[in-house]
Amino acid sequence: MDERPISPALKASALVMFIFLLAPLLVVLPISFSGDAYMAFPPSSWSVKWYGAIFADKQMTAAFSVSIALALVVTVLSLLIGLPAAYALVRLKPPGAEALGSLFTAPLLLPTIVLGLAILLVFAPLGLLGTFQGLVAAHLIVTLPYAVRVLSTALATLPIPVEEAASTLGAPPLTVFFRVTLPMMRSGMVSTAALCFLVSFDEVVLSLFMTGPRISTLPVAMYHHVEQQADPMVAALSVLLVFLTLAVVVIVDRTAGLAKTFVK
Amino acid sequence: MSAIALPARSARRIGPTGVVMLLLLPIALVNAVGFLWPVVNLLRMSFKETQATGALIDTVSTATWATVLSDSFTLDLIANSVGVSLFITLLTLVASYPIALYLHRSTGLWRTILLVLVIAPLLTSAVVRTYGWIAILSSQGLIANALLFLGITPPRLMFNLTGVVIGLTEILMPYMILALLSGFGRLDPRFEEAALTLGATPWKTFWRVVVPLTAPGMALGCLLCFVLAISSFVTPKLLSGGRVFLLATEIYDQAIVTLNWPVAATLSMIVLVLFGAALALYTRALRRIA
Amino acid sequence: MIRTAPDEMAGLKQGEGFLSLRGLTRRYGPFVAVDDFNLDVAKGELVAFLGPSGCGKTTSLRMIAGLVPSSSGHIVVNGREITEVPPYRRDMGLVFQSYALFPHMDVARNVAFGLEMRKVAKADAAARVREAIAMVRLTGKEHHRPSELSGGQQQRVALARALVVRPSILLLDEPLSNLDAKLRDEMRNEIRDIQKRLGITAIFVTHDQMEALTICDKVVVMNHGRLEQVGTPLEIYEHPKTAFVAGFVGRINRLAGTASGGIAEAAGVKVAAPGFTGPVEVMVRPHRIVLSAGAAPAGGDLHQLSGTVARATFAGDILEYEVEAGGVLMKTEAATRGGETVHAPGTPVTLSWRPQDTFVYTAS
């Protein structure tokens, strides 16, 4: 790269903008240790009571379990459905493969508010609103495009001769897939899983349409909580969420390389 | 040493077309049930009507469209949403450009760290980040307390348009930065050096060389941010406390609170039309640049 | 796809080679990558597919391996038609130019893969793997990943992996082209030794004529998807059937001429050309030309051409000349014996060569 010095004006403006970008995340940590009964910054006293409050809040803990279970189920299903689809599109190249690929990633182009409404109108008469299955279906619609896209890229960059070598050595197609293709796709699979997990775990808008009094996800519960009272418990929760995200990212980095997954 | 026999053949075989169909069946099912059908149904819903009592009438008419497009409230809503979204897009561009340029020019580990800092907010829930803005902007928040400490009466920063604009700008910045970075690939430092050695001032070099070369990235970032701004819901809703009316929040209210599905569907279609318009504008701008 | 019915094939199966290709053709749309390929390979033979880039060598090999379906034609191995058999039932060993080792398995598991597919008992398999790894001189590297090996070592693993199952035919697609020159010579002879020792039938794709001539029993020269000539290295070199083969295998001088009445005349030289009329190309290899200073001595039945030296190159082992003669530049070369004078440019010289070293082809 070039050794061009960066002008002080650029440095200063970049610094200001970075502070602006990170400000909301930075204030959350001190607030989570607030000892006040309401949110104020800076807090007038310090404690860890709001972390305790999370675990005492039945609704929050229930929503948290729902979110984790939902994200796990959605991730597994995304891989199970996305991988065969990516394989068919990239390797078997049926006529119209490109059009099909666009169709399968099209849900991402739709604003979630519109998609949420569209799904609501169809799922309501089916009795899927406020059910776990309904949430799974709704989340799959937005995670599958990511899964197909990342897995397709992973498949397209695999060296085909390696699979052909296995086949000439006597491995039938399914054996080639499980013994050679799949192990070589490991990093692509990990990236896909992490992406699907995070997308599902963070999804708010679709979930807002799908949840009801009987079932809620963590982001939806937090949304409603903030809507009513923005107390420091949400900050404590946010800190936990940031760490959870961080854990996922570290796992991806260890197994697949962060740069390869998110920066292309 | 003798040859080693391959295991015997198993009998079953399905043709290649059968295999493709089998592999694509699950995703096709999800796509059809979760996307195609809902979208078609949504379009259909916008041509239904509601009675004064709120009951849904199963007809095909343009009555809902006519009401929505002649109602001054919804017309204001559309105009407001477009205006606010454009303003937020512009602010996001201005705020993101220095970060992107700085990132483009930094190298090694430092660049990786900065990239992680840009991506980190993207991986954090919009609810969490919006909550952070509440902590900064509310009457008990960081800015208000800081101003009070200095003896200044703090202005109202939340539950109005100001808060929405500030919050959304920050929420959208990572997208803009990444879009800009993708467009900066064309920006070779040698062009700038050439301009500088030809006697252009740094300021002139920036406007005449850097900006035109990075225009495609800016166009992409602006398209992305406009589209995201006009359809964003969580941040405007929480930061405005329901006091600012935008297309996305109105769709939600019509769908969940008022339960007027034809109107919600019609407004959704209007959002999609605005999307199409933005996309058309983008492709035209891109052709002009190239 | 057009195919002949199986019973029409019956006559083909008898009395042919171990591997027989009959009318093998591959089209990509209107483009014909391999055109009506016919070949018989005897058991234990090492056959080279030689030709310039894009001539269809890889496509032919992949059709034999079953990785590319043929558009028409038949492949018969040991009397059994295998044209429709999928690659994993063909029992062929294929060595790729890129080696194509399994990156997630170590050397031993790479080599064991084919045995595993054949459900060979564990202990037997382990012994065979050990033996195969020893054969390619990689003992001690069993537990290295491919990424931890050099190019030559990876090549050996690929060879061991293909050979350990004792395939009916070994197919090698430019196996040496990613290696440096010294290693290439070494591996070339190693492949030849192993092939002979195991008595395995093998096809060796290359665009390097040296490789083809030095280690193969038979050479198949291809051009534009068509088979130009099949023969032993000696036949190919000494009796090239087409102008293409003459020009592609070894170096050659070309003289344009015309033929009539069984005699062709080019650059003033008259050569025998039975059966030719009209424009022809007369060719002779540089090192079959004897260069002598001065005017033409009585040549007996030698063909002779006088000219002047345009450039002389002393290259140590050989002495090369470019001679301006009869309006063309003729190249000559001769092994140095010591003590010869290097003629300066401008020196009048005479080129002489024997009639049997002269090739005549209809001009294209």
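A, B and C are the chain letters, set down in written order, and residue numbers restart from 1 in every chain.
Quick note on the criterion: contacts are C-beta pairs under 8 Å (C-beta built on N, C-alpha and C of every residue); 3 or more make two chains touch, one makes a residue touch a chain.
Note that the structure is predicted; figures quoted are calculated from it, not measured.
S.K.: Just tell me the minimum hop count from chain A to chain B, counting one hop per pair of touching chains.
M.R.: Each step joins two touching chains, and the minimum needed here is 1.
S.K.: Taking contacts as defined above, which has more of them, B-C or A-C?
M.R.: A-C
S.K.: Find me the chain with the mean Cα position closest to the mean of all the protein Cα atoms on display.
M.R.: Central chain: A.
S.K.: Among the chains, which is located farthest from chain C on the basis of C-alpha centroids?
M.R.: Of all the other chains, the one whose centre lies farthest from chain C is B.
S.K.: Please tell me the distance, in whole Å, between the geometric centres of chain A and chain B computed from their C-alpha atoms.
M.R.: 16
S.K.: For chain B versus chain C, what separation do you get between their C-alpha means, in angstrom?
M.R.: A distance of 60 Å separates the two centres.
S.K.: I'd like the Å distance between the centres of chain A and chain C, where a centre is the mean of that chain's Cα atoms.
M.R.: Chain A and chain C have C-alpha centres separated by 55 Å.
S.K.: What parts of chain A, by residue number, touch at least two of the other chains?
M.R.: Within chain A, the residues that touch at least two other chains are 170.
S.K.: Please list all residues of chain C that touch 2 or more other chains.
M.R.: 88-89, 91, 117-118, 165
S.K.: Listing for chain B: what residues touch at least two other chains?
M.R.: 6-7
S.K.: Going by the contact rule at the top, pick out the chain B residues touching chain C in the complex.
M.R.: 1-7, 9
S.K.: Enumerate the contact residues on chain C facing chain A in the complex.
M.R.: Those in contact with chain A are residues 65-67, 86-94, 96, 98, 100-104, 113-114, 117-118, 158, 161-162, 165.
S.K.: Under the definition above, what is the set of chain A residues touching chain C in their complex?
M.R.: 159, 161-162, 164-173, 175-176, 179-180, 183-184, 186
S.K.: For chain B, which residues are in contact with chain A within the complex?
M.R.: Per the stated touch rule, the residues are 6-7, 16-17, 19-20, 22-24, 26-27, 30-31, 33-35, 37-39, 41-42, 45, 95-96, 98-99, 101-102, 105-107, 112, 114-121, 123-136, 138, 140-142, 145, 167, 170, 173-174, 178, 189, 192-193, 202, 227-228, 230-234, 237-238, 248, 251-252, 255-256, 261, 264-265, 268, 271-272, 275.
S.K.: If you look only at chain A, which of its residues touch chain B in the complex?
M.R.: Listed in rising order, the residues are 1-2, 4, 6-7, 10-11, 13-14, 16-18, 20-28, 31, 38-42, 80-82, 84-85, 87-89, 92, 94, 100, 103-104, 106-107, 109-115, 117-122, 137-138, 140-141, 144, 148, 170, 198, 202, 204-205, 208-209, 219, 222-223, 226-227, 230, 234-235, 238, 241-242, 245, 249, 258-259, 262-263.
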